[in-house]
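The structure is given below, and queries will be raised subsequently.
Labels run A, B and C following the written order; every chain starts at residue 1.
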Amino acid sequence: MALALEDRLAITELVSLHGHLVDDGSLGRLAEVFTSDVVYDLTDFGQEPLNGLLAVREAAWALGAANPVAHHVTNVVVTASPDGLVRVRSKGLGIRADGTCGSVSYEDTVVRTAEGWRISHRKVSVRRAPLGGMTRSD
Amino acid sequence: MALALEDRLAITELVSLHGHLVDDGSLGRLAEVFTSDVVYDLTDFGQEPLNGLLAVREAAWALGAANPVAHHVTNVVVTASPDGLVRVRSKGLGIRADGTCGSVSYEDTVVRTAEGWRISHRKVSVRRAPLGGMTRSD
Amino acid sequence: MALALEDRLAITELVSLHGHLVDDGSLGRLAEVFTSDVVYDLTDFGQEPLNGLLAVREAAWALGAANPVAHHVTNVVVTASPDGLVRVRSKGLGIRADGTCGSVSYEDTVVRTAEGWRISHRKVSVRRAPLGGMTRSD
């Protein structure tokens, strides 16, 4: 099922809004981005997944000054799967106070709610090696 | 009032175009981005606001080699306010010649002109502290 | 000729997809982004242009660990030219393993194929100097 253009734009703005809210410290507004039962998969960091919006918010407060000063989101690609789920890939760039950067990939599942599109599942993967660590012979 | 999709896309391209023009040194074309009477609010830098397109252009020339080598714009969120104004939030990433980055937030008001959408007011805020300097107890 | 909104969005996702495929090492899927006879202009790096998809893929494998760990694409501006060609400007941000960044500009020509939009020509220019090296007197 093709996704209407207004939905594609709304979903792109949804993942963009996340960076504004976090960088403003407006964590009380994260319900505008995530479902209340969101699963936030951090296994690539060697952590357990965060279950629910409150856990996501607490984790951000707990990280405190170790959070990046800015979260830039790029390369948003929205795909409506044959199974009816809408998946979104994007790339997150975290800017540290010393001016260096770290890059992650986001793989999101988004759902339509009465209040609009929300992220119900997010998997975060750190970019550690060029070409995903692959070589010609892989 | 909902904004047509073509307007949302045009506004997103408008804030994107700014980076290309500045990084090319095509400051003579900034009228494609700003109104002639644009207010460019730099109070977060401890500076007076720049009044008018000519002042914006002169400030960029005056900054010269201290400008970033590249201006990347991300996280564009367009909102049509009930008061009829169209506001745009975005995040700017400035890349310095040494490969380090600085991040700002842009809060723009855009207006429809005979030549297309233009930015009539821009407020630039530097991202200095994670979570906007907020803590759980705020 | 105006370009339909769905084409504009598809082209924006096309240049975004490139970053995901390269950073995953999914170079076997680059045919989803480039035409088989793509010309990849690297003259700004002092190199000969790469001719064809296979040459682009081989160059990426050959660069190996010297590739950035992440390719972020921003500032996408799509323009349908009077000559019928569709041109796309964007800005690429390469994140190195040490957290520093490099910035390039992409000037693409995209064409509609039976499988969707593809990049048939890409010129890459490195951002080396603020304001493109221009000064007020230029």
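FYI, a residue touches a chain if its C-beta (ideal position, glycine included) is under 8 Å from a C-beta of that chain, and two chains touch if they have at least 3 such contacts.
Remember, predicted model here, so these are calculated numbers, not experimental data.
J.: How much rotation, in degrees rounded to the nearest 5, is required to superimpose subunit A onto subunit B on the basis of Cα coordinates?
T.: 120
J.: Are the two sides of the subunit B and subunit C contact the same residues or different ones, given that same means over half of the numbers occur on both copies?
T.: Comparing the two copies, subunit B and subunit C contact each other through largely different residue numbers, since under half are shared.
J.: Indicate the whole-number Å distance between the mean C-alpha point of subunit B and the mean C-alpha point of subunit C.
T.: Chain centres of subunit B and subunit C, defined by C-alpha means, are spaced 24 Å apart.
J.: At least two other chains touched by the same residue of subunit A: list those residues.
T.: 5, 9, 72, 74, 93, 100-101
J.: Give the list of subunit A residues in touch with subunit B in this complex.
T.: Within the complex, subunit A contacts subunit B at residues 5-6, 9, 13, 16-17, 19-20, 22-27, 60-61, 63-74, 93, 95, 97-101.
J.: Where on subunit C does subunit B make contact in their complex?
T.: 5, 8-9, 72, 74-78, 89, 91, 93, 96, 100-103, 105, 127-136, 138
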